[in-house]
């Protein structure tokens, strides 16, 4: 299965390479975030029917077969060794070093809950810092999801069981 | 911090022990699921203000200080060795052996998304099987969360950035 | 061996794909749970002789050779990286976070024992929550197995040894 | 919690040490297997009400408080480093080296199922080998549990759900 | 050493608790980001001399001894089990699932280099999504650092060696 | 190397499959234990010269080349993921949960030493339990090996060194 | 992807082998450090446009296609088992044994910050020790990067968000 | 339990320290190997009754209580981080790098079997190398144990079972 | 044991803190490298008799008891979580990413051998880079050790054995 | 790369197999230790120019191409699962159980240093024990390497830096 996924991603990357476009350019043309475009071309996200024509327009090299494949729910995954990659490691370092602080601030600002990774946006932007130097900004933007108080009367599935 | 949490849980368990009530009995009295009651008494869930009086009524041994502590958002955690415990292991075995099937059925029935573990209910029930023998039923009931298609125009945080 | 298993699963999945049926539809036609159908098509469960004709009727594309293969006891397994998959992870999170509570409630309701993962049913259902939104319900339903008190006189194998 | 368990085990071991009896002698007096006696004194098994007086008779040093503690369902566990212990390692080596063969023979002799570790007996015996030398015999004796065919009509919990 | 750090953090958290202020409020008063304030109160960042009076003003309960301690370069660290915490896990999931895409976009937009985790800002913000619901925005903002081409003539330390 | 071993095992399994015999039947015909037969057909044990003709008689499909290969000392091994297999896991669970007790009983009954995994027998038997139900009995039977007291005069290799 | 990288590295190593030159000789000819040359020929560094002609001159066997490949930002990686290699292990041993001391000295000499691994040079040199014997000198030379004090006013990306 | 062991070892080491004797000197006085003496003083080996008086004579500071403790079968163990220690690591490196070769030579010289770690001697000696420099010689001397051919008729324990 | 080491290190660090001197200053006064001074004050290196008076002169707060302790061969060690510390991680990243290149250059320049981590120097220096900015230089300087060709006649220990 | 190494080892093993000689016989003919011969035929050691003709004479089946390959410095490595192999495991068990004792005796006999694994010999010998039974003797013979006291004046590489 994994080999099959890798083979498809390789073909998707070729289509992009042949187009000569960057992820941000394709994003511009399709109205998606740049990271989401990259996820689509790695089979880490599902291509929606209404977006398919826009992507096809932006990357004409995508065959109908590839488009069909991209419209199936993917098995999201990653190679665990990816953490060795310096950019990925530094993001992981930030998450682990700042994680408890982020959690507590979410609790203070929103209540007992989390930031969703499903109803979620991610983008990479280039900004100038206060010193005029280039900075990369990675934004993680997720819906706040409060923990449910598990009341019996609200648990429909169980009330049927009894 | 962990020692502090363990110390509080130990006092919460004592209050339950002294009451002579089971988790299911407390659940009955408070209108919560039995698993959620157990989570509250392990500091794995936050006690809501409107529920506090009910729990206090069910477990009079809970001091005001403990009630206050239970109302703070907890740091959810577990001892990794917990997987050695035979009941926990068998649940884990089921998740790992059945996981890919469960995921695909969710995809087929709902679309590309997941079952939330936050907007989530869990209960343990006792039923008679077809052969009349006792069976334990563990129900995981979570809201379906569809993956967001990450369109730039919907990403408010980023549109401000640019 | 693993490659052989993967090759067979790939052929089983193709048969399903060609049929255009979902796991739940096949389940309906065969009288099995939807998760069990998916397990059969992953070689994680053994096809029983009396069920084979029903499955063959539901999925005519299954060759006799594949049916024969499905009737052998499988080597149950999973790829450890499967835990990366978001739906599987959230189920695992639930098991580890709720595990000790589930165990204690089983102890209180049934006694010292476990919920079997062998005499076991699993299904995925779609229900409406109290707020009318779709929810996925994963049910783990296993026979309660009490721990044996290991009396010498009951241990037939050892009494022969002496 | 673990410290509490360790403290109790230490007191249980002291009671045995003071009695001057071996596990096999206590087993003889109580009608239990020798391994099960050792498990009771490590809080890895629950002392049953009808057995408590026999154990108390065999180990008079056990206080009523300890007996009460032993009658609660234990949290079964082990220190992962235990595998370093040479006897434990060799048993583990045998399980991992012989495991696939044992599984296949169970399949051939019984069908698709497992040997239970819950409805289970374990003993250590001393026998003379063909060469007259001492041999240790560790017997694992578990009920055969066939995998359930998960038919919808037999899954009582789910039929209620629908 | 670790115990010493935990003890200090516990005292720092008490000072905050007594003040009744949230991290964001202290951030407002001191001109720092909210996450950075939380890092200071966990000894994951160094308090700068010019900021010390502002923090002291905002949290009068901080003793001079604690302020002195906060001004020493900390040993940054985290408990590896922190990844169990649901908010932290979801951030980690995002990093690992999106990591390769983020890296490639940085390469396309900036060149061969990384986003620094040292010359780095992190904040948590609350925004309204397109649907009017609350969303948490975690921003990682780091300086772009290009990989050095390692020319001998530019490597001062080595030129001295020869 | 591992691929080579897998290829040979695959051919050995085919020979058994073609014979239509179970491991226990071959064991009966060759005078070996059933587990040992299975180990031979996995290249986890060495075929002895005097046993080769008996095995050849029982499994005529074994070519001379395969018989030769089976007579070489094997590199004993296993796939670490084998522990996922439910039967193997339950054996492992038993070893880790009962291990310290087994060790102590061996010490009490035999002295300071271990049960060998080399001068070792393993079999799987089918017995009726006290309740008349089928039970699997896995017997581990190993020679007791006392730890040597390491006296200089007995250490021939070292006395030569000096 | 990884196989693709390995295939390219194999071709790059062949080009070097055919040239009969050592890394240090190529370094001499191209003005790069010897370690950087080796990294280029492992696709662990990006070949810069102005350096490409020099490398081509030094290693004429490099095809234009390989040169093009070398100019793309690489996915930096390593085989985790590389730590088994004795030279690599001893470097790792030094890092882990000396690491805390190195960190504290950097703090004392520079302030709260780190030594960059991006704006970084590495070389291997051969020197004579005080006893006249050959010694290998591995130099790690990185820019000092001070930790940023995260002031809100300096965080441009966030100020836009609000 | 582990703390108890550590406490006893600490007292044993004190007794040695007070005696001012090295392990090799105690070995000389007691007729044991130097490594075995060190193992005794770490509770990694059992003190035999006939050796106890000799050890008491060599280390008069050992109390009767400590001697009694040393005569019980120990729970052999080690701290997994011990592999960080440079001498231990280099021994481990040698075992892993040379292991397959050692195994094959044992097979060629002795047959299909192993070198026991139970009927085993270990010593450290100081010799002059061919160049007159000091060398440490670690000798592992274990009884050759051939793998048993598992014939049913020789397996006494099983023959009783049937 | 580890607690004992930590307690001593804590006292050694206090002595340094009270002196108000940096590692580099103590290094200057004692003629040692700065890293080695730090290792001595962490009990990762042995204080030599002739150096003890110099260190005592530089750090008068060191008691005679501490000096005695420092003169014993230490058990070198580290906390595995140290790799989380950003400076240590970046050194580790460099070792793993550059490791194979470093090894090959040592082979080309010296032959088949390694850089010793025992006959080894380490220092941290502050230099100005080509751009005038501060850089940290970590130097690893170890004796080249060629692998021995293991000739029987040169192996004195074995020639005695035969 | 690893596949390439495995392919060469396979050809080297074939050359030995065809010769019908054991490692010890080849060792006898070439003047090397038996373990070193085995290492050469696994590409874990470098064949020296003066030894090449002797090996070629002993194993005429070695092609010139293989001889050339054997003369290159190898990338020493091992499969981590090798520890499963019973002989290798028992050696590892000995190293980990006896390791701290061996280290301390080296310290007492030689001073603060280690036994080298580079200037190192290893052999397997067959001796008769005191009871006349066969014993395997594995000898690890390494040069004693004292830890360097890191004096600034002796660190040539650093003195140049300043």
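Order of writing sets the chain letters: A, B, C, D, E, F, G, H, I and J. Residues in each chain are counted from 1.
Operating definition for what follows: a residue touches a chain if its C-beta (ideal position, glycine included) is under 8 Å from a C-beta of that chain, and two chains touch if they have at least 3 such contacts.
Treat the numbers as computed from the prediction; the structure is a model and nothing was measured.
Q: In terms of touching chains, how many steps apart are chain G and chain J, taking the shortest path?
A: So the least number of steps between the two chains is 1.
Q: Same interface as A-B shows up in which of G-J, G-H or I-J, over half of contact pairs matched?
A: More than half of its contact pairs match A-B, so it is I-J.
Q: Comparing the two chain pairs, does B-E have more C-beta contacts than A-I, or is it the other way round?
A: Spelling it out, more C-beta pairs touch across B-E than across the other pair.
Q: Roughly how far is chain B from chain J, centre to centre by C-alpha average, rounded to an integer in Å?
A: Each chain's C-alpha centroid was found; their separation is 55 Å.
Q: If you average the Cα atoms of chain G and of chain I to get two centres, how far apart are those centres in Å?
A: The mean C-alpha positions of chain G and chain I differ by 23 Å.
Q: Between chain F and chain G, what's the gap in Å when you average each chain's C-alpha atoms?
A: 49
Q: For chain B, write out the residues touching at least two other chains, lowest number first.
A: Within chain B, residues 35, 75-76, 78, 84-86, 93, 96-97, 100, 103, 114, 116-118, 120, 122, 125, 127, 129, 135, 137, 139, 141, 153-154, 156-157, 161 contact more than one other chain.
Q: Sort out for me which residues of chain A touch chain E in the complex.
A: 22-24, 34-35, 38-39, 42, 44, 76, 78, 82-83, 85-88, 90-106, 108-110, 114-117, 120, 122, 124, 126-127, 129, 133-144
Q: Quick check: in the complex, which residue numbers of chain F touch chain H?
A: It comes out as residues 27, 31-33, 35-36, 45-46, 48, 51, 73-75, 100, 103, 107, 111-114, 116, 118-123, 125, 127, 137, 139, 141, 145-158, 161-162.
Q: Can you list the residues on chain C that touch chain E in the complex?
A: Going by the criterion above, the answer is residues 84, 86, 89, 93, 96-97.
Q: Across the complex, what residues on chain E touch chain I?
A: 1, 75-78, 80, 117-118, 153-154, 156-157
Q: Which chain C residues qualify as touching chain A in the complex?
A: Going through chain C, the ones touching chain A are 6, 10, 81, 84-86, 125, 127-130, 135, 137.
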